[in-house]
Amino acid sequence: MKKVEAIIRPEKLNDVKQALDDLGFHGMNFIQVTGRGAQRGIVHQGRGGETVTVDMLPKVKVEVVVPDLAVERVIEAIVREARTGNIGDGKIFIIPVEEAVRVRTGERGEVAV
Amino acid sequence: MKKVEAIIRPEKLNDVKQALDDLGFHGMNFIQVTGRGAQRGIVHQGRGGETVTVDMLPKVKVEVVVPDLAVERVIEAIVREARTGNIGDGKIFIIPVEEAVRVRTGERGEVAV
Amino acid sequence: MKKVEAIIRPEKLNDVKQALDDLGFHGMNFIQVTGRGAQRGIVHQGRGGETVTVDMLPKVKVEVVVPDLAVERVIEAIVREARTGNIGDGKIFIIPVEEAVRVRTGERGEVAV
Amino acid sequence: MREIAPKPPTHTVLTGETRRSGAGSPAVGQHSNQVEGVFVMENPIDTGNTAWMLTASAFVLLMTPGLGFFYGGLTRNKNVLATIMQSFITIGVVGVLWVVVGYSLAFGPDSGLGLIGNFDWIGLKGVGQEPGGPNGAVYGLGIPHLLFMAFQMMFAIITPALITGAFAERARFGPFLIFTAIWSLVVYVPVAHWVFAYDGWLSAFATNPETPDIGLNSLDFAGGLAIHVNAGVAALAAVLVFGKRKGYGSTPMEPHDVTMVVLGAALLWFGWFGFNAGSAGGATGQAVSALVNTNSAAAMAALTWTLLSWWFGGKPSVVGAAAGAVAGLVAVTPASGYVQPMESLAIGFGAGALCYFAVRLRARIKLDDSLDVVGVHGVGGVWGALATGLFAAASVSGISYADGLFNGHAQQMWDQSVGIVVVGAYSFIVTFVILKALDLIAGIRVSEDEEELGLDVTQHGERAYTPEEGGIPLAPGPVLPAPPVAYAAGTSAPTTAHAR
Amino acid sequence: MREIAPKPPTHTVLTGETRRSGAGSPAVGQHSNQVEGVFVMENPIDTGNTAWMLTASAFVLLMTPGLGFFYGGLTRNKNVLATIMQSFITIGVVGVLWVVVGYSLAFGPDSGLGLIGNFDWIGLKGVGQEPGGPNGAVYGLGIPHLLFMAFQMMFAIITPALITGAFAERARFGPFLIFTAIWSLVVYVPVAHWVFAYDGWLSAFATNPETPDIGLNSLDFAGGLAIHVNAGVAALAAVLVFGKRKGYGSTPMEPHDVTMVVLGAALLWFGWFGFNAGSAGGATGQAVSALVNTNSAAAMAALTWTLLSWWFGGKPSVVGAAAGAVAGLVAVTPASGYVQPMESLAIGFGAGALCYFAVRLRARIKLDDSLDVVGVHGVGGVWGALATGLFAAASVSGISYADGLFNGHAQQMWDQSVGIVVVGAYSFIVTFVILKALDLIAGIRVSEDEEELGLDVTQHGERAYTPEEGGIPLAPGPVLPAPPVAYAAGTSAPTTAHAR
Amino acid sequence: MREIAPKPPTHTVLTGETRRSGAGSPAVGQHSNQVEGVFVMENPIDTGNTAWMLTASAFVLLMTPGLGFFYGGLTRNKNVLATIMQSFITIGVVGVLWVVVGYSLAFGPDSGLGLIGNFDWIGLKGVGQEPGGPNGAVYGLGIPHLLFMAFQMMFAIITPALITGAFAERARFGPFLIFTAIWSLVVYVPVAHWVFAYDGWLSAFATNPETPDIGLNSLDFAGGLAIHVNAGVAALAAVLVFGKRKGYGSTPMEPHDVTMVVLGAALLWFGWFGFNAGSAGGATGQAVSALVNTNSAAAMAALTWTLLSWWFGGKPSVVGAAAGAVAGLVAVTPASGYVQPMESLAIGFGAGALCYFAVRLRARIKLDDSLDVVGVHGVGGVWGALATGLFAAASVSGISYADGLFNGHAQQMWDQSVGIVVVGAYSFIVTFVILKALDLIAGIRVSEDEEELGLDVTQHGERAYTPEEGGIPLAPGPVLPAPPVAYAAGTSAPTTAHAR
């Protein structure tokens, strides 16, 4: 199994979720993260007229554990949905998962996810 | 070493923490995540009487890095404590950790966790 | 590639960010986590004069995916900046990443991070 | 021998809602102090009435930020500041316009036909510390003319702020500002003249007791017509021009902070005592009736909506309780100085039920009236105006002809209905035209990207809540590539010249 | 020649706390306007007093949502809405009940023995814009009877809301609503009659000056007995019936938003000026004393609690400052119109210290009085009632026999003590019985699962704070398996018929 | 035959800003009730004026927590409680000090030279329910002396709280408390005496109309000089002594909750009606002018700052609108009872612009005045005092010599300037000395570690916002190693003896 960690724009969350749903992956987690990268930050203004450039932007990390074979399809779906073509669209990382357990039943492995 | 990532019900956090404590694992991290899965969401009501079914529920992700040998004991403890038998109890994922460093001392490896 | 997960004191975030910047790693994520470890918690007082020892402290998790070769330099930079010498300075974990994708372009591998 | 009478009881009574006289006194419309044969000239100001009207004015001012919180809590996190700002800055815009020109046009001597005032009082010329009004008539009960002006100013401020709920989460700030200024002068000011001014054609009173009253006698104690019907219908026009928010109907748009909604509702409720009881123009028995009716209707409506949301929605809703309270306050506004407490319970019950179902209907027909201005202020306002025609009792107000249908005065229902239709039609049409024109000229709606990023960041360059860890300012000079155009709204640095 | 006297100074003074007369005037208990040989009939309403009482009523209304925020900030995130709602909806429930029947039973003409009023004023029949009261006596100082009713209504509203802190985070909403309605009529109404009504047996005044006063003369200016002792003791009964929250003592239950606690305390402090100074029945010197005493005691108590928490707890607590202020406000309530400012400092000091240690004791004996109603309102109320017996000075109130122990009137301590014991015993027993009965019939406590999930979601189907990203509504029809029973409370969809 | 005149119109008018008489009446400084040949002795209290002053006092009290929210929202998350607490506890400290000794020193009979009052009224001895003042003069307009005391108390409370914005996020709580107490007595009390007391040397009025006035006639209606210039300059001294916050200039320190900032601004605006209009001493025409001017200036300044932030900063700032409103309120304070509404628009415009650029300048020269007390209260206060000298018109106040430059009285600018310089210099020097001394003795600033961890946890042992999941208390007894010294501030358990 692999954990697919996709850092995406918060606005794209619903689309990505829907696409994963369509692929049959209902289970996943969302985490609010603060991302930094080539995308320039947001410029806020301070009381004194100074510009406060916050170089970290709110992003959402979607974590979904999928069978090895599904990884490509998942990547493809996320890229399709989360893409705007602008800097700041985010990244996907694939991380190995050695075991998965369903707490409710104690089941192990791919059946658990 | 392995990173045990357990997604559990927030209500079960204290029990799980206590159980890990009893096993001798005092160090860990908690992250608020929003989970989605077979468990149906929470139904909120809108002003217009429409039901707003939020299909994502608050969960807590417990991250604890443990020596390879301890993994089974940790899984067993978490399953025991976090289980209600109902859908939505959560998952445990085991992820390989190649190195661990204690920032305070620079120590590496299992002694660092 | 490796994912470097560093759990650090929130006060040290800016220093760490700056150091990584200097090394040429601009992209990264920050996640607010609640950490627990040898560091004793914060003592709050309750209305009734009882001490409420919260054994979990706010920490920040910095996640940065870097090429294999850069790992040591990154560890070294983080340890240097995040260190106070006191208990609670945090940990760094190194986790394997099998693939990275840039959502904007679909690029894969080290060029994507 | 001169008599001392610090509180001349025969000052003409006139305020938000007007009374022909104190209690059957024949002296109307003239600054007379003759009391049963004794001539009294000392101190025309009644300190008690002045004290209450000062207080009431302050209370009503607090309602506008209160509304900002009520609305702001109902929006999503990313739009809360923009929403609160739309209320807050309205105090600025209308607060200035009103003293400069608005009051003169709304309450200054009629320029003919009862349609609008003239420019006599521009810059508050002649509006002073003495009681005063048009053509020798006097507004308020022994209070400085300036105080009546201030009290009315607070009404003028909150009315356009009410509309903002209709286009929350999608309006550009600049055009919004212009809209508020224009609407205030072109819609609110004339309608206020019709309904509240002595010489307005819908108002129940003539400045000169000898000449017959012109037009109709719409009873509107504290602004059900001029404020709530007016704003509610304008909101409908706004919803139609603005269109739906992106994702409306498919993404849930839950209130981001319900405690803020309740805070807003609490401040509104509190301020509404000034709004309604202040409309008596002094600390009179009628003011007391208004206060009691206000509370009774709000309490009943809050309870009603809560129970209906329980019955039809599965659980008793806290947002519903707050919305219900506001609906009750809206509905009782025109009636508050004319009815008995038991009747205000009926008005509150009707408001809770009608507005609840109106909002359900709105949700079903997918009209994106973001914060339910039409359902609450429009429907509540219409119900309140009609209910005034049903329940008004001359005994409460001391005005002989202020009786409703149930007290044998069927004509009143006609006058009320005409008032609703005329104010509604005028407000709808003019609002629609203003917004359409502004949209053509400047564009009233933010871009899709801005809507997604949220108005706080894109319109105001600020975010409401900043978590613990901040960011560090970028090194001077753009080391990182410029942001892409699509997101420039949220990310572009101001031009260097201005920036520092 | 007729004289004009707009402000007849001999109206019988009677309010929350009653005065036998203005200042030594012999005319008591009859609506007489005879002033030193001159007969005056004009305008029985004093606009100044009316202005102040309108204002004070509004202030007191604001206290109830203020209390909601004070309490809501102290609870955990997941229960904040339910907690605020318990205060907010109480305005709805009691606001309606009071005008329909409560006022008549509490202040209407006594039905004998000074125990309860009668039904004469049901639906506010006969309670009008003129000053009025039972059997020719008059409540308030030249203010409309309806206004006295409104002011008292605000007291009736906040009292049951105070109790909610005792069972916060675990009460079912439905039974809570019923409890509030019953408690209001069965406990508050009679106790208010005893203490506040002219003809109540604990009240210091008789309607008819010729007949001797019945019962005792408990001094209670603004409701230390009828409100704080009453609610504090009812809270104790509630704690015993409800039992501990799940996890109490093992899980920390920290306030989820201390800024909200301070907001609540600030609104309470502000509103309390209306509460205490309004209890003079008009804008009198006694009202001014009450305002000054209120502020002095609150300031002193806030300071005291802060310093004690520093000394005994290690750091000066912000929650402590807020709680201390409330404790001081509670304690000074019965005394505020009877004592000098320096004595109110003593009362504030006592309140800060006694309540602080009471709360420590509560924590040590692990009594789960969730938000410390017993420790603050119970203990503070008892201390205040006793302190009134110690410090009262006839010179402040102008009431000859309103002297305390330190002014040589030892009897007063007896009257105060009897008042405390009787009100306390009555409130405890009846509250206990109501709750036990409700528990048997309907169950007053949520299930363990619901308690874990939080009351906001399970009782009201809402959450207070919604972070940026929402969820998407499920496709219509249950594509996913039905939720397990245990979590049904938070997850069950309403029946399709109702849902849309 | 005795006449009844409940409202003697010739009570000496004196308040925040003092008037020589009602309107040209010759009777000043003596408690005379002689009205045009009729001697009136009845009831010296005017209920209307008393009602308004009770209300105004309550309004001003609410400003202090309002300020706490305004400031608290502007700080970072980790310091919000400490910031709010600095305002809240000031009510405690000054609320006690003022009644015990402060009022006597500030307003008691002068001890010579117009520099400070004496100890005659210590513990409020002789300050009662009758109107009163020093040497037979009377403060306020037919209101109890105690009420004038209370109103002034609220001013004394908020002034030191204003300064706290200058050293926010870095002051130790203990030394702060001591500073507040000392500053209140050593700086505020004498300055208030100079400016507000009948017999103060800067005040425009003499207690005895026969003797000439001593000193200058600085016009300061509601405290521009005594409060805003005073606090603003003290803030400057504090900034210099405290030094910059750690990370100032390199880390962004954004407001953690802008909605809280707006809430604070709204409460301030509301309360300011009491502040300014209450300074008329009663519900007079002048009070009404003050209320109107207050709103007009605030509205204009909010608009001005918003537009400037748009023009120079790229977007219309919400924080700017709130800060602008406060700036306008500050600036109009000394002028509010002396000028016409159109002139108050000019004052508001000036305030918005000057304070905006002052704050920009502050940012550019990297002066760490954390919450811009100098830029808003200092600059706004100075501008307001000067503007009063420019625009004052005798017709508004009814005081013959209260004319400004534009009304042909150039001398007034001199008197205003001297007032500003003297108050500023005194405040700066004494504040500087107090803080330096305290720093040497006790250390006024938290350690670096404490600053990083935040003041809420390190100074008060509390955190503002507690997320859903808590922690569990450690088992009794230290199972884990003791915390390192550096973090002991945030982590050390109190000694066992105290802990439980």
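Each chain carries a letter (A, B, C, D, E and F) given by its place in the written order, and its residues are counted from 1.
The rule is short, and it goes like this: a contact is a pair of C-beta atoms (placed from the backbone, for glycine too) under 8 Å apart; a residue touches a chain by one contact, two chains touch by 3 or more.
Everything numeric in this text was worked out from a predicted model, so none of it was measured.
A.B. asks: Please report the smallest number of touch steps linking chain A to chain F.
C.D. replies: 1
A.B. asks: Among B-E, B-D or C-F, find the interface that matches A-F: by residue number, over half of the contact pairs should be common to both.
C.D. replies: B-D
A.B. asks: Rounded to a whole Å, what is the gap between the Cα centroids of chain C and chain D?
C.D. replies: Distance between chain centres: 52 Å.
A.B. asks: Can you give the whole-Å distance between the Cα centres of chain B and chain C?
C.D. replies: 18
A.B. asks: If you average the Cα atoms of chain E and of chain F to get two centres, how far apart are those centres in Å?
C.D. replies: Spacing between the chain centres: roughly 32 Å.
A.B. asks: Of all residues in chain C, which are in touch with two or more distinct other chains?
C.D. replies: 14, 17, 26, 30-32, 34, 36, 38, 43-45, 49-54, 56, 84-88, 95-96
A.B. asks: Can you list the chain D residues in contact with two or more other chains?
C.D. replies: If we look for residues of chain D contacting two or more partner chains, we find 4, 6-7, 46-49, 51-52, 55, 250-252, 254, 263, 283, 312-315, 317, 319, 364, 461-463, 467-473, 480, 492-494, 499-500.
A.B. asks: Inside the complex, what are the residues of chain D that reach chain F?
C.D. replies: My answer: residues 1-2, 4, 6-7, 42-43, 45-52, 54-55, 57-58, 61-62, 65-66, 68-69, 72, 80-82, 84-85, 88-89, 91-96, 99-100, 123-124, 128-130, 143-144, 146-147, 149-150, 153, 173, 260, 263, 283, 456, 459-468, 470-473, 492-494, 498-500.
A.B. asks: Can you list the chain C residues touching chain F in their complex?
C.D. replies: 11, 14, 34, 36, 38-45, 49-56, 84-88
A.B. asks: Could you list, by residue number, the parts of chain F that touch chain A in their complex?
C.D. replies: On the chain F side, the touching residues are 252, 254, 309, 312-315, 317, 319-320, 323, 356, 359-364, 372.
A.B. asks: What residues on chain B touch chain C, complex-wise?
C.D. replies: Listed in rising order, the residues are 1, 3, 17, 26-31, 63, 65, 95-104, 106, 112-113.
A.B. asks: In their complex, what parts of chain D are in touch with chain A?
C.D. replies: Result: residues 247, 250-251, 452-453, 457, 461-463, 469-474, 478, 480-484, 486-487, 490-494, 499-500 of chain D touch chain A.
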